[in-house]
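Across the two complexes that follow, chain A remains constant while its partner is chain B and subsequently chain C.
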Partner chain A sequence: MIIRAQSCSSGSATLLFLVLLMPPVKQALEASLTAQVLVQIPLLIAVGWLLRAAVPERILARTENWNYRGIAGLVLATLTAAYWMLPRVLDAATTVPLLAVAKYLSAPLLIGLPFALSWPRMGFIVRGVLLAELIATCFRLGWLYLASPVRLCNNYLLNDQQRLGECMLAIGSGLLFWLAWKLLWGRFDSLKSAA
Partner chain B sequence: MSIQRTLLASVIVAAAGGTILMGATDRFQAFTTETARRVALRQHPVATPAVVMLETQSGARINLADLRGQWLLIDFIYTRCSTSCVALGDEFAQLQDRLGAPLARGSVRLLSISFDPAHDTPARLATYLQRSRSRAAGWLAARPVTPEGLAQIKRVFGITIIPNAQGGYTHNAAIHIVDPRGRLVAILDRGNPGRVARILLRELGQ
Partner chain C sequence: MSVPTLYPEDERLTRGERVVFNLYIITALVVFVLMMLFGLVMRMAQGTWLSLPPTLFYQIMTAHGAGTVGTMGLASSAVMWFFLRKYVRLNLWAFLTNYVLFTLGALAILAAVFIGGYAGAWTFLYPLPVHSMGEWTVHAAVLFMLGYIAIGVGFLLFYLDAMAGVIRVYGNLGRALGLQWLFGGEIDPVHPKTVVASTMVIITNSIGTLAGAVVLVMSIINAYFPELALNALLAKNLIYLFGHTFINATIYMGVIAVYELLPRYSGRPYGISRPFLWAWAASTVMVLSVYPHHLLMDYVMPHWMLVMGQIVSYASGLPVFVVTAYGALTNVYRCGIRWRMPAKLMMLSMYGWAAGIVPAIIDATIRINEVMHNTQWVPGHFHFYLLLGVLPMILALMFHVIAGRAQSLADATTDKLSFPIYAVGGLAFAVALLAAGHVSAPRRYAVHLPQWVPYDQASSIAAILVIAAMLLFTGRIIAGLLRAPAHVDPAHPAG
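Right after this comes the complex of A and B.
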């Protein structure tokens, strides 16, 4: 049963990756800044998340020694994510082939996978700080993209940039309400899973 | 034991990640492509192409390198443009006033290069200059003669042109300074012709 779930998850990771790799899909997603930032990169991260099921138990146990409470994996994932938030990198990723390769490899392997390995080990406080920071980042970047009178990426139009800003503010607000809801009425089981 | 290992791994990852982020932003100076090309020029001026044939508003054919020996202020436009190119045209007209003496002496030249050569015939380029109220002195408008020439110019000057919803183009609009040796030495934001004139007059020792 577990083995079937694993192969199903790694199979869907492979499938999703191949779909994202298809030139028409890649072009369509990179034609808009909003789609690149909010669809393409998150889906590449999801590929890495799904790959977790394919990691053999033996290697999982070994990473555990180096990833106490998921801290090292969290540092790796957030720094890599910060890199893919730079406007000039988003610009160049659509025109420089080497950066396109880097994006397709690093988003799954350096963000999605380490995050999937680390999240179950994180304690309540680390998870809370991460979520608060994610919400703050959505608001900061969303506001920047919405308010900037100049284009931050040479390959994208200003209205696309402003739409991305609006979407980020909406996502940040959604996360904030969800988190507030959970804090007020939810249950937290992270201690159990982190132990 | 695993706490120390995690600490070690985290420090290594943070140091490597920090170094990469520092490199990717030119020491946290350039977060956008536009800033990056300005920062890069400050350290390494770029040689402009030796052979790019241009056709001017009078129909004359010149090589871009023929204009060496004087300072060049270059902008990139298309004549159907109703936004940034109009503003740039305005600024060049103002620069004609501010740089009157060096323009008359021939130590400075203004050059507007069209990136829409199929549409921008010499007649349309001449109309663009008129519309921008050019005082004639020292301002050329020109289109690249070959597609290769246009591609070379776009690459060397770092011009990105994308079609917009209005059927025109959106492009990075700025003023490019080329020194008498034919090297692109600075890129300045539009909207401040006074600063452009000051920088050029300083270079000319005035």
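Right after this comes the complex of A and C.
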């Protein structure tokens, strides 16, 4: 049963990756900054998340030694994600083949996979810090894209980056309300059982 | 409900806990005295009794504001930690990390101010930090803001740890706040008031800190990339959501000492009730929505927010204050309480809270705010509230703890002197500021007109009284904390 779920998950990862590699899909998702940041990169990260099921148990056990409470994996994932937040990198990834390859490899392997390996090991506080910083980052980036008086990318227009800014503010607000609702009325079975 | 004991077993500190708790308290006391001295220097300079270059005045003003607000937060979080750990599991490392990050942040702030020359006030209102007129570098302004970020991260870790502990025991924050009993059902009579108050603070201050984390990073980016101009009104809103919530939360953490200690000194149980839960639930919302009263002079604010700021200001402080003050008064009424230092300080704090919010409510009225907000009326309000409200709550816990470590529970001779000096000096100091505000003496001016000088001189004398009393408190408390814990009969009856 577990093996079937694992192969299903890794199959989904492969399929999703191949779909994202298809020229029409790639072109469509890179046609706008908003789609690249909010659809393409998150889907590449999802590929890495799904790949976790394909990682053999002995390798998983080995990573536990250097991934105490998921902190090492989280640091790797967030540093890589921070790099892919830079507008000039996003811009270059659509025109420079080497950077395109880097994006297609690093988003799944250096963000999605380490994050998937680390999330279950993270305690409440580490998850809390991560979510708080994620919300704050959405607000900061949204504000920056809206405040920028000039185009930050050669390939994308000003209205596109402003639309991205608005979307990031909306995502930050949505995450904040979801988190507040979860904390006030949600269930935390893992914490309760740890008591 | 049984009569509470003065020193319950579950409040006993382990060796590690005692070391960290002592670090908090001793640091807070020393910094409080230092900040009070800064305040005295400023008032004496305004009162022409001391020559102080204006640039140094504004540096001291910045350090005084940031240092006092931060230290109030640090000391009141120690109150929350001390009592909350009885009900939920708290990690000592989180409490210690908060202290370490606070210390690093405070050092960064002091370096930014006294080495870098930063003097843009504790509110770092955009674009003042980057418009220094050559008085400080952009790096000094950034260092100041990095200091705030370090302090904010420390508090966030402390609150997340407390949040985990509360959720572990109560399921979620809503249940810890007692929301399930707002409209009916039998209230658990042993549901701790400490948990209710702590949960409210965790929610509000986490959101406030998040707002601070956004605006601080944006201000730092703007400092190095000025072409990325910020929306000044949005920045101001976020700064006050952060700053107002942070300083407001200090009284909600401090009041935990009253809930926990007052019944022990009165010898009478202090139960939980539905109005109490309603008050804290309402305050959770209102503390977050009241901050626009800091922006009533900003005519570009959306009109509805200004109206909300006025209305919520009228209502915000009242629910929790009314249930607390009424509860405290009925708790001590004809109970035969012995007026030891903690009890005296707790009742002083009720007075300071009650009287201290009145000038704030007056100032939150838009028509009055237009002429009063930039006067010393506002420092009059918050000095009243902090000196006679929050600080006595914190001191009450400190005196309670040192009495437990001493051989005798009786007050020392110095306490009989220091308490009235502190109360009279604090009251006179706040009233002098309010009176100066009443005659339109502006706030944040290094040099005053001759007609304002008498108020400055009167408040300087009052400040000397407060500092003298605070020095006596500090000496007593530090000596008491450093003493090895004595055996105190945990069954010792209150009163």
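Everything that follows uses one rule, which is that the second predicted complex is superposed on the first by the 188 of 195 C-alpha atoms of A that agree within 3 Å, B and C clash if a C-alpha of one lies under 4 Å from a C-alpha of the other, contacts with A are read in each partner's own complex, and residues count from 1 in each chain.
Definition applied: a residue touches a chain if its C-beta (ideal position, glycine included) is under 8 Å from a C-beta of that chain, and two chains touch if they have at least 3 such contacts.
Everything numeric here is computed off the predicted structure, so don't read it as measured data.
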After lining both complexes up on chain A, report clash or fit for chain B versus chain C.
-> fit
Touched partner set for A:44, first chain B, second chain C, both or neither | neither
Does the superposition put A:185 against chain B (first), chain C (second), both, or neither?
-> second
Please indicate which partner A:130 is in contact with in the superposed arrangement: first for chain B, second for chain C, both, or neither.
-> neither
Looking at the overlay, does A:13 come into contact with chain B only (first), chain C only (second), both, or neither?
-> neither
Chain B versus chain C as contact partner of A:153, first or second or both or neither = first
Could you tell me if A:143 is touching chain B, chain C, both of them or neither one (first, second, both, neither)?
-> second
May I ask you to decide whether A:92 touches chain B, chain C, both, or neither, giving the answer as first, second, both or neither?
-> first
Between chain B (first) and chain C (second), which does A:164 come into contact with in this model arrangement: first, second, both, or neither?
-> neither
State the minimum pairwise Cα distance, in Å, between chain B and chain C in the overlaid complexes.
-> 9
Following superposition on chain A, which residues of chain A contact chain B and also contact chain C?
-> 150
The residues of chain C that touch chain A in their complex are 89, 94, 156-157, 160-161, 163-164, 167-169, 171-174, 177, 179, 203, 206-207, 210, 213-214, 217-218, 221, 227-231, 234
Could you pull out which chain A residues touch chain B in their complex?
-> 64-69, 71-72, 75-76, 79-80, 82-83, 86-89, 91-92, 150-159
Chain A partner contacts - residues on chain B that touch it in the complex | 1-3, 5-6, 9-10, 13-14, 17-18, 20-21, 24-25, 30-36, 160, 162, 164-165, 170, 172
Chain A to chain C touching residues, read off their complex | 123-125, 128-129, 132-133, 135-136, 139-140, 143-144, 147-150, 176, 180, 183-188, 191-192, 194-195
